[in-house]
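Structure in structure tokens, see below.
Chain nomenclature is as follows: A, B, C, D, E and F, assigned in order of appearance, with residue numbering initiated at 1 for each chain independently.
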Amino acid sequence: MGGPYSVRSVLSLSVLEIFSKKWQSRCRHLKPLLAMVLLFLHVEYNSSMPTHLTHVDEHGRARMVDVGSKAETERLAIARGEVKMKPETLALLRAGALKKGDPLVVAQIAGIAAAKRTADLIPLCHPLPLTYVDVTLELSDKIPGVLITASVKTVGQTGVEMEALTAVSVAALTVYDMVKAAEKTMRIQNIRLVEKRGGQSGDVVNE
Amino acid sequence: MGGPYSVRSVLSLSVLEIFSKKWQSRCRHLKPLLAMVLLFLHVEYNSSMPTHLTHVDEHGRARMVDVGSKAETERLAIARGEVKMKPETLALLRAGALKKGDPLVVAQIAGIAAAKRTADLIPLCHPLPLTYVDVTLELSDKIPGVLITASVKTVGQTGVEMEALTAVSVAALTVYDMVKAAEKTMRIQNIRLVEKRGGQSGDVVNE
Amino acid sequence: MGGPYSVRSVLSLSVLEIFSKKWQSRCRHLKPLLAMVLLFLHVEYNSSMPTHLTHVDEHGRARMVDVGSKAETERLAIARGEVKMKPETLALLRAGALKKGDPLVVAQIAGIAAAKRTADLIPLCHPLPLTYVDVTLELSDKIPGVLITASVKTVGQTGVEMEALTAVSVAALTVYDMVKAAEKTMRIQNIRLVEKRGGQSGDVVNE
Amino acid sequence: MGGPYSVRSVLSLSVLEIFSKKWQSRCRHLKPLLAMVLLFLHVEYNSSMPTHLTHVDEHGRARMVDVGSKAETERLAIARGEVKMKPETLALLRAGALKKGDPLVVAQIAGIAAAKRTADLIPLCHPLPLTYVDVTLELSDKIPGVLITASVKTVGQTGVEMEALTAVSVAALTVYDMVKAAEKTMRIQNIRLVEKRGGQSGDVVNE
Amino acid sequence: MGGPYSVRSVLSLSVLEIFSKKWQSRCRHLKPLLAMVLLFLHVEYNSSMPTHLTHVDEHGRARMVDVGSKAETERLAIARGEVKMKPETLALLRAGALKKGDPLVVAQIAGIAAAKRTADLIPLCHPLPLTYVDVTLELSDKIPGVLITASVKTVGQTGVEMEALTAVSVAALTVYDMVKAAEKTMRIQNIRLVEKRGGQSGDVVNE
Amino acid sequence: MGGPYSVRSVLSLSVLEIFSKKWQSRCRHLKPLLAMVLLFLHVEYNSSMPTHLTHVDEHGRARMVDVGSKAETERLAIARGEVKMKPETLALLRAGALKKGDPLVVAQIAGIAAAKRTADLIPLCHPLPLTYVDVTLELSDKIPGVLITASVKTVGQTGVEMEALTAVSVAALTVYDMVKAAEKTMRIQNIRLVEKRGGQSGDVVNE
């Protein structure tokens, strides 16, 4: 995915950087000139890249994106993340988990419940009637720790990417909460979008 | 912190691993013997390490820890985390942020609000009347991305570690939400406890 | 509804019981044989009965049912329940209620509000945009106590049975709360589905 | 507990009934006379019984009780309730539950979370920082169904009776939700206070 | 808008007043006569005016309106309101706001979040999946204070008037909260509907 | 209260205005001079007035005030507000209200519930365990409309001003919701603090 970005990145970065703080103190007088040169190159090479944040209007003010005119389509998002811990903490969790699986079920339920509260937690997120939420947790010696995967579906006007990421985050926090007496150096890491289907921006498959 | 664990870790891990899935398929017949040998070594070397999860009772059932008899003390927790993105996405955020700072303020507010809802999100967490919550966001070229720090205080019978981690997580999700149209490969990473003061288990300073 | 179940019940029960705790301690050696015999009879007589819980997958893990492919139809559910109390407590409530009807209105409002929060309370419940909620409370000398009825409607992909039952439960808890200083032996009882219309599993009329 | 109430009940009931609807249509002209006679008897025999609802003021208007002047004491409440189902439904639940215990853990977590949201569900309930919540579920052939017990503790100015009852109710609704595809005739029943300790009105032990 | 109401108002008021408390104590015997005369006039002049509250049934009991049979149309509502303060308090806010705009962004976010929680706050309000929420705040020397405008859209069976008004109210409360240490005499005022589009009752433009 | 502010207002306003947008376009070169002159006068006349917003730190960033070191004292706040409507709308409400008082009870309950959710609605508000909330509504021909009064108490480290104002606001929105089919021109107005007791800044009595 990196390849085609190599030139474009440098350019788009440069154009924007010119208006940034770092530049202001250094080479002020060159700014207009540089901006024009780079903007030209930028426009040449880069037409599909968004030139602004959708959640920020032309005055830099935060706003909720209007999705009223988008079509209602079936949408799916899968996100993943990890809670990294020491091997002996994982062993402790495994010992507890093996008995009846409780700590992982608690985290699973917390993740599902959180997905349904996404619009309540993230200010500019749209409320959506989810049709499916699934959260799975696996103990992994490779991390070492817990691998969390969330799948969310809806039939609606906007995607469920944030719902899947929120489910993973809160499931991870719940794992942390249940194990925290045993270790104070755990890390919640690598929370990312794995797959996204439906919607006008096309499908995304990262893994 | 690693030093004194080097031997202990291996041992405690081994004792527990014997009862784990991986072992069951391999060397079943050696299990009782090995367990006894390692348990002996384990007990010798390791007395302070928790031998169970506080949120799981003796039958492996999840439970909320009873904090009623703990003293009310002033407690502080600081947590940190990051949203990693491409340099050009960071540039886009910086351009938007420079105008009026909005995207970062939205994330800051979302983080503060989430800290107050921690017990609502994490099933076995105690509800606490927080006396202070602060969330700061910094754009960082080193990550590249956004560095989020949350500080939470209370006067109560249990700590505010989870509140600080929840504030960081939700602030990170909010940053992700506002920038997600520009990049589908961002990662929320490195969410960890930085400092913890007050409470019977003593102060913790990880960084 | 009882008739056709008479034989089937015994059989399906037996098949399942064989794998249950009670059986394990008694007649272990007969288990495989019995299981085969009963399973045969079970399969013969019972094809329509659910052989698993819809909220539990094949590995025994809890999950939210995927309703994305279900048709959007108009759905109605009516549930009922009671708060049983001593005749003199009912008299006290009646005296208070007669003045302006307040205690019952408070419970009615709490029930309506709870119906709208069902998916927030019950982990595997789908969030639904309800189109109608009504809760009525009647003082009854026959119980003696309060009879609560809730009717809920939606146009959606899944039913509103849980919403109606939740409205009744929370209205009952609210009645209990307002009267509890007068009696410590009240009971919330007989919360059940009365009627259910719309949806692929057909209409249900229990009363 | 019934004995000493026998006379008192009739009287207090009668005094109140005189002002009720039923009487208004029948013997209007006798009302003042009867009221005086019965009120006299009532006052003689009954001094300890509450003569009004604490959540209703002198004008019949609902209100939250002021607990500001009450002492902060340790308080405990235990409540219990049942989900009654057909034996074959219980068998199905038992089969699912035996694998990993999930359906019951989901209900347990829902009950704990609901206890923390009691003041959000029941309008005149005080918000309380709970120090302990435990919910247990047992499969019972005697009901047949599921027996749910909730224990809640706080150190505060008011009791946690409603929190324990709310935990039981929502755990029961969650069991119902997970099993409802298998049976439409389940009943949530017998939700009651079992024990209550701490607070100025003294300890209560019902079972 | 006043004109055509001049006669009608007096009449409709009178008819209703006859059944009110004030009248009961004065001219009881004239009531039936007056009612008939005024009702006749009322019916002549006034056919479109609602003769009852939609949220109250024929027995005076509160209820949620059934919107299940209404068509799903695009709906918009714009509401406005003000926080009035002393000129020097406004100056203080302006000084703070100029730096980075924070206090106003906090209020903006609180307003957007509140719009999404309207059905949770207002008992008989229908839950709606909003497609757009925008809240803007302007400092105004004319008030003097802050002018708040909220625009809300949905595609649904009922309007978003309450969502827009709730967004304005909570944004106003948030402004008040952030400035309250400087002045104790601020007023939240003039919260009203400005515009409403979509729905069977036709468009409304008040300003 | 206006008197002693007359000179001070002009001055403090002026000092701040100099740094504001309006001035930037006009008299740029005079700015430093003017600022010094006015700042001098300002400092002379005005020492008790807060020179910053407590919810904004020295960098203009929003923050929650740290109340951990404040003493726990008993605190009371009383707020008031109005829903203004046409006389005929009030008559309609009065007619409905007379039957059983429902619309006003619904608004009362919504106000009480909202007070308990204040910290969930207003981002920088501290969560507080309220000990008492009361909301009363009166029909008033003088407004004409509904007069709402809320009284809130706590024993805590910070006041309950926002809780009382939130209760009034949400009760007002609920009245509006129940009457809105009859009139589209109602106004919620005059929401203000009436009285505040307890806390280090001393008692406030505005009316």
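Operating definition for what follows: contacts are C-beta pairs under 8 Å (C-beta built on N, C-alpha and C of every residue); 3 or more make two chains touch, one makes a residue touch a chain.
Computed from a predicted model, the values in this text were never measured in an experiment.
Touch-path distance (fewest steps) from chain E to chain F is 1. Shared contacts of chain C and chain E, meaning chains that touch the two of them, come down to A, F.
Among the pairs A-B and A-C, the greater number of C-beta contacts is found at A-B. Rounded to a whole number, the gap between the C-alpha centres of chain B and chain F is 38 angstrom. Centroids of chain A and chain D (each the mean of its C-alpha atoms) stand 44 Å apart. Shared interface positions of chain F, defined as residues touching 2 or more other chains, are 61-62, 100, 102, 105-106, 109-110, 113, 117, 123-124, 129. Inter-chain contacts occur between A-B, A-C, A-D, A-E, B-D, B-E, B-F, C-D, C-E, C-F, D-F, E-F.
By the touch criterion given at the top, residues 74, 105, 108-109, 112-113, 116-117, 129-134, 136, 153-155 of chain F touch chain D in their complex.
Looking at the complex, you find that chain D touches chain C at residues 1, 5, 8-9, 12-13, 16-17, 19-21, 49-56, 59-62, 81, 86-88, 91-96, 98-100, 102-103, 105-106, 109-110, 113-114, 117, 121-125, 141, 161-162, 165-166, 169-170, 172-174, 176-182, 184-193, 196, 201, 204, 206.
Chain A makes touch with chain D in their complex at residues 100-102, 105-106, 109-110, 113.
Chain contact summary for the complex, chain B toward chain D: residues 61-68, 119-120, 123-124, 126-129, 156-157.
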